[in-house]
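Dropping the structures in below, format is structure tokens.
Shared between the two complexes below is chain A, which has chain B as its partner in the first and chain C in the second.
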Partner chain A sequence: MTWAILTALIGHWRRNPVQLFTLLAGLALGTALWSGVQAINAEARASYDAAAATLGEARYAQITSRSGEPIAQATYIALLRAGWVVSPVVEGKLGPVRLVGIDPLTAPAGVGPLPQGRGGDLAAFLSARGQIFARAATLGTLPATGADLVAAPQVAPNTALADIGLVQRLLHRPDQIDRLLVAPDQPLTRRPLAEIAPDLTLTEASEANDVAKLTDSFHLNLTAFGLLSFAVGLFIVHGAIGLAFEQRRPMMRTLRALGVPLGRLIALVGLELAGLALLAGALGVALGYVVAASLLPDVAATLRGLYGAEVSGELALRPAWWLSGLAMALGGTAVAAGGALWSLARMPLLASGQPRAWAMARRQRGQAVLAVALMALAGGLALWGHGLLIGFVMLGALLIGGALALPPLLALGLRWGAARARGPLAQWFWADTQQQLPGLSLALMALLLAMAANVGVSTMVSSFRMTFTAFLDQRLASELYVTASDEAQARAVTDLVAGRVRAVLPILSIDRTIAGLPARVYGARDDATYRDNWRFLRAAPDVWDRLARGEGVLINEQLYRRAHLDLGANVTVAPGLALPVLGIYGDYGNPEGQVVLTEALFRKLFPTVSALRFGLRLDPAKTGALRAELHDKAGLPDSATVDQAAIKALSLGIFERTFAVTTALNILTLAVAGFAMMMSLLTLAVLRLPQLAPVWALGLTRARLALLELVRAVVLAALTGALALPLGLALAWALLSVVNVEAFGWLLPMYLFPLEYLRLGGLALLAAALAAAWPAWRLSRLPPTQLLGVFRNER
Partner chain B sequence: MLLDLRTVTKTYPGTEAPVLRAVSFSVAAGDRLALTGESGSGKSTLLHLIGGLDTADSGVVAIEGSDLTPMHDAGRAALRRGTVGVIFQQFNLIPSLTVAANIAFQARLAGRHDPDRARALALRLGLGDHLHKYPEQLSGGQQQRVAIARTLAPRPKLVLADEPTGNLDEATADRVMDLMCELVAETGAGLIMATHSERLAGRMMRRLHLRSGQLA
Partner chain C sequence: MNVRVLLIALWLPFQAMAQGFAGLGATPGDFAQPQPGTALRFPQDHGAHPDYRIEWWYVTANLTGPDGTAYGLQWTLFRSALAPGDGAGWQTPQVWMGHAAITTPQRQFVAERLARGGIGQAGVSPAPFAAWIDDWRLEGPDLDHLHMTGAGTDFAYDVALMAKGPLVLHGQGGYSQKSGSGQASYYYSQPFFTLSGDLTLPQGKVRVTGTAWLDHEWSSQPLAQDQTGWDWFSLSFASGDKLMGFVLRGAKDFTAATWIAADGTPVSFPDGAFQATPMARHSVAGREVPVEWRVRLPARGIDVTVKALNPDAWMATSVPYWEGPVTISGSQGGVGYLEMTGYAK
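So, the complex of A and B:
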């Protein structure tokens, strides 16, 4: 019996391949975007884990210098003698690679490549020739060192590990140590750190630099996009399954009448859908791999640019994401099919066999109530909610509420149109469009979500771009930026440019912990460049004069928000010295806090820090000549001098890469929504013959009917687009004013881009017309016998 | 007794007048019974109760001694699979299956599929050239013959036919009736046919007339 029932059920898909394609494609596309995003997240997290595992970051407490200066070898030895169980680490850039030196004899268990590494032994690692462990791709980018290269896939991306002695030699940093890893078990008799080395500070394991935490917001962003895409896919699946049930309702009733038990029928329909979901899920996971593989290089560049996090550009097939993809496909199908199976369970055996897709209008009132409730929830969270997660819940409530509000609002619009229709054809057109609305509403909701996401995200990105460009103009005021390799070269540079430039602005900085957060302290020379160009978000009166007198500091917006340091709040910049905040400036694209002191105060507080970077103010036309002279006379390589335009281009390049993923996901989502509309129209076309046949019989040609179908799709898309605009702008506001502040620490002004919205609206109309073109073309070519069949009651 | 109805009453929710009032009659194996009456007289409702598609409010509908009214849905479904066969006015074929698969379908559900019998039935009913077609490719008369073959393939003990020729022209209706009666007679099953047609009712062994839910 089971096989007989399955044959009948599966036969439906064989006879309706378009519907099967809709179902599989919708689910596969939704799963593809979701699992693609999950694959990217999984790859990034694996990279962070690799960094933590191989370098001990975040796992062990660390000792670093308060001033940011290297720790002397002698201090390390003094600590060992005082009973501290610590292990030295030195690191720096060798070519493009982060080279980390460790001491395998003292490193805590699990740190370094040797315990897990294949092909390496301690003697070879410590030998004079030495070994360097890294991923194969990283080894390829290392300059020649003379050491043996060993491939070690467990090492973090773009990172290489070697013995500390070898690294000190390669980086020309003899006897220097950057940090000390502190073993978890320490002798109780050891002397306090402050007694042995008061200039060193101990950072507990949980407070240590944890790149995974820093990047959480970025990944949450991606996950939210993945969910949005999956939700759009789910709308397609819901529509496809719902229509498939409507079409098969008479068959289900016949099966029941012929003696198929209800429980068996429901179980087999569930089994059939689970099989289809697994098939579509597998296709989706494969597609997701392609999506992730194509987006991962951009994501890796973004994470490197924004957070300094190294993420592998190569994608591995990790069970976490492909299993989650399959689970989402199965879960999504279950959600989409739940209602249909419930209605099958309650289906009376003898009720009318007419399709009920058109009888869904009564649901609109309930949808409208739910939509209002969700909108109210979103509004409440916007006013009183805090935190990134609440921000995303608010976005979810806003988008779902907006989607649910669409059918009732469209119905209102169509009633308005019908009331103004003149002539029988126009009256039929509006009435028929109203009748079609329930069958199309899911696809239109998907289109609404995709368009709103496009409006919202493009507004956010464009607002960000405008703000960022203006910010670059303020902050990159110097015409030429010069980086010296050491103090002697720095002196040569300042001597050479003296009298040739309007101003030399040294860039002094040191990494410190401010108000418990990692921050960078800058020393700024009192110069008109800063006074003329910098714009403050908030500032005390006479801010520049007071800063020049050393009466306070400037901080960036990130520090202001994260440490709650408003104007007048005291900032401890050095032991025993707290200064009030005089001004708060916007600092976009930077994850860390910043504090700006006047140059004199900085040099007094941090006398060992010398300026190796300078901004030079001069006639822009003369930058080329000066660069050449710096190269010839001060021995500066070309890479050490960068003009303003190049830095701006580089910064904007990083910015564009940052949002490349978002833009790509946006376009994919819109494409999926367009596809949803086409599939719904195709499926509905079959069900609509009884509505169209009488109109055809009354004298309308098939071509005219097809044209009207095309116009109908465009009208519905236009109405949907009109409703997507306010929803998208609300989304943009939420992204700019809530999510960005929580995720990145900066509040951005919102700009409107009417031309962009018009272009998007045009695209949506084009997508709708294209989606309707195929069903309309099929209608125009439909053999008259099929239309006549409606009257012969043979359907 | 194959079928035994005793004082069967049925009222649809939302209506005041019963559609069937204290209907009682019996059918033995091999009986051929015509059920006549005007539209709305309760013919289809009576067939639905006998076929286990619906349940009576009171009274007994017993097939081979088992009362259907207190039975669970699964029990009535089992009855429809193996004991009672229903031929619908609207044919109710499964559009996704071929003619051959449709004919075999109910016998497969009942676990009594005999390919030779299915093929013989198809040939007897003039469907030999259409076995690989789908229902939508057949005429109304051909579809009804497929429905008859499907119902008779598992050799049910009782065949219920609800206006089986209502959608067919007179000549086609006569041919279909002849075949149906002939095949039912060969299996020795009982047959109850609801019809408006006096001409078709005259071909049956017995006739019951329903008027406003009561046997006249």
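So, the complex of A and C:
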């Protein structure tokens, strides 16, 4: 019997291939974007984990020097001999590769190029010839060193590991160590760090600059987009399943009447849906792989540019994301089919088997109430909520609330139109549109979400671009930027340019922990360049004069927000020296905190830091000549001098890449929504024959009917678009004022781009017209016999 | 790089793991070989011999606390050369390992350190004598007056050693044979130390006094291919006489012993003279290890039972083995130390 029931159930899909296609395509597309995003996130996390595992980053406490200078090897030995169990790390760039030197004998468990439990040749690793471990791709980009190259896929991307002795030699840094990893177990007799090496400082593992923590916001962002597109996909699935159940009600009733137990029937329907979900899920995961593989290079570039995080550009098939894709497909189908199964369970055996008319607005009231509640929740969270996750919950509530509010609002709009209709045709048009609304509302919700997301994200990106460009213009005021390789070359440069340029601005910086957060401290020369160009978000009076006198510091917005350091708050810049905040400036270049001191004070506090980078102010027309001279006389390679335009282009490039991913996801979401609309119209077209046949019989040609179908789709899309605009702007506000602040630490001013919205609206109308084109074309070609058939054999 | 696994392959003297102790019998290559008839010269030979593959300085001590509680103490520095010769900086092929332990009747405290040669992290210099790895030290103006420290996460010790007798050369003037086919090492001891100092244990500081025994041994291939491990005894009898004896377990066991009279006069005994028979085994770290022995040296009328103070004196280091204090009963009473290596799981 089971087989007979299954055959009967499956027979429906055989007779309605378009519906089957809708269901599978909707689910597959939703799953594709979701699993694609998950694949990207999984790949990035694997890269961070590889870095953390092989380099001990974030897992172990670390000792570094307060001055930012390398640690002398003698100091390392002194620490060991005072009972500290520490392991040295030295690192630098060899060609394009981050070369990290470790000592395998003292390294804490798990640090190194090979995972625990797999052997290797310690003698070869420590030998004078040495070994370099890296991914095969990385080994290819290493300059020749004479060491043996060993492919090790566990090593983080673009990173190579070798013995510390070899790395010191290759980097020409004899007896230098950058940081010490502190083993978790330390002996009883260890003497205090301050007693042995007062210029060193210990950073606990949890405080260490953890790249995974830093990039969390970025990944959460991607996940939110994946969820959004999955939700849009679910609208399609819900529509397709709902339609299939409506159409199969007579069959279900017949099966029940023939004696099929309700439990068995529900189980088999569930089995059928699970099978379909798995099929669609598998398709979606395969598609997701394609999506992820095409987006990953951009994501990797973004993460490198924005956070300095190395992520592999190659995609691996990890169970985490393809399993989550299948789970989402199954779970999503269950959610979408829940209502249908519930109504099947409650179906009275003797009730009419006729499909209930789709035009039922029973649920609208409840939906409207839920919509208002969700909007209120979003508002409440916006006012009182904190944290990135809350920000996304708020976005979710806003979007779902907006989507749920759409049908009642559309109904209002249509009623308004109907009230103003003149003539029978127009009245029929409005009435028929109202009739169709419930069947189309899910597709329209999807369109609303996609459009709102587009408006919101494009507003955010464009606002950010304007702010960022203005910021670059302020900050990159020097015409030429020069990087010397050592102090001698730096002196040669300053000597050479003296008197030839309007100003030499040394760029002094060291990495410090400020208020418990990783931050970079800069020393700024008192120069008109800064006074003229820098704009403050908030500043004390006479900020520049007081800064020049060493009476305070400037901090960037990120530090202000994360460490809650307002104007006048004291910042400990060096042991025993706390200075008040004089000004807070916007900083959109990176998510880390910054502190600016005046140059004199900086040099006094950090005497060992010398400037190797300089900004030069001069007549822009003369930069070419000066670069040539720096090359010839000071021996600076061309790569060490960069003019302002090149840096701006580079910065903007990083920025564009950051949002290329977002934009791509956005466009895909819009495409999914357009598809949803087309599928709804196609399925409705079949159902609506009995409503169209009488109008046709009254004399309206099929061509005019088809045209009216097209117009209806465009009118509905236009109304939806009108509602999407405010929702999109609310979304943009939330992204700029809540999510960005939490994710990057900066609050961006919101700009409006009416032309952009108009273009988007046009696109949405076009999408709707395109979606309606095929059903309309089919209607115009419908054989009159079929229309006549409505009268001959009423359903 | 998994150091632990690599070291197990590298620190051949101490662990069999997959291949048994076969590694110690591997071809010594370009390393120097002990030759019979070579006179040891002091203090130079207290220092390191980088041309030989392996070397160790080994101090074990039998101690007593103020309440009469017996303790054992171990301080060991191992040197292993990846290639013969020394060198400056990280490029030296010399690798060092330290083991420190305190044994109480109930507990065993163990710590391990690994170090590179060439950078000052570990080493041995003969005069004034200094052997160190990280903060663990064994140093003094000469080998007769030493200050010794060691520490782990839950224990530490700081003791002074003073020699009350002469150095003892094993085998033929320090040339100690290790198999029937000629494998050998250079080996001498200072078994006459008295010791006093402090142990730091979880319950607090304990003032201890007792005796200690220092071994210094170096070689390039001390074991034959078929030998898998050894049982080594250093026994101090109540009479003041001392006995060092070992069994190298292989296809045919090989034994050797040195009888050290109370005045320090050594007498070496050839293969077979010294006999050690396991009497009771104890399960520790998944191995069945003999912790009670019948030890005989008929030539000197020795027939004693040697029993572990704490049968769980397991050295859970990267190359694990059993090492702990023992008590002697039978024809003579006394205390000593027992080391057992190469017991497979």
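Basically, the second predicted complex is superposed on the first by the 782 of 795 C-alpha atoms of A that agree within 3 Å, B and C clash if a C-alpha of one lies under 4 Å from a C-alpha of the other, contacts with A are read in each partner's own complex, and residues count from 1 in each chain.
What we mean here is this: a contact is a pair of C-beta atoms (placed from the backbone, for glycine too) under 8 Å apart; a residue touches a chain by one contact, two chains touch by 3 or more.
These numbers come from a predicted model, not from an experiment.
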{"item": "Touched partner set for A:P250, first chain B, second chain C, both or neither", "value": "first"}
{"item": "Which superposed partner A:G387 touches (first chain B, second chain C, both, neither)", "value": "neither"}
{"item": "Partner chain in contact with A:G146 - chain B first, chain C second, else both or neither", "value": "neither"}
{"item": "Superposed model, chain A: greater residue contact from chain B or chain C", "value": "C"}
{"item": "Touching partner for A:L188 - first (chain B), second (chain C), both, neither", "value": "second"}
{"item": "Partner chain in contact with A:G366 - chain B first, chain C second, else both or neither", "value": "neither"}
{"item": "Which superposed partner A:G338 touches (first chain B, second chain C, both, neither)", "value": "neither"}
{"item": "Which superposed partner A:A82 touches (first chain B, second chain C, both, neither)", "value": "second"}
{"item": "Parts of chain A lying in touch with chain B, wherever the complex brings them together", "value": "1, 3-5, 7-12, 14-16, 250-251, 253-263, 349-350, 353, 793-795"}
{"item": "Touching residues (chain side chain C, partner chain A) in the complex", "value": "1-7, 9-10, 82-83, 89-91, 93, 95, 111, 113-116, 119-121, 132, 134-135, 149, 151-156, 200"}
{"item": "Contacting residues of chain A [partner chain C, same complex]", "value": "73-74, 77, 80-83, 85, 102-107, 109, 112-123, 125-128, 133, 163-166, 168, 174, 185-190"}
{"item": "Complex interface listing, chain B residues touching chain A", "value": "48, 51, 53-54, 73-74, 77-82, 86, 88, 90, 92-97, 101, 104-106, 108-111, 134, 136, 140, 167"}
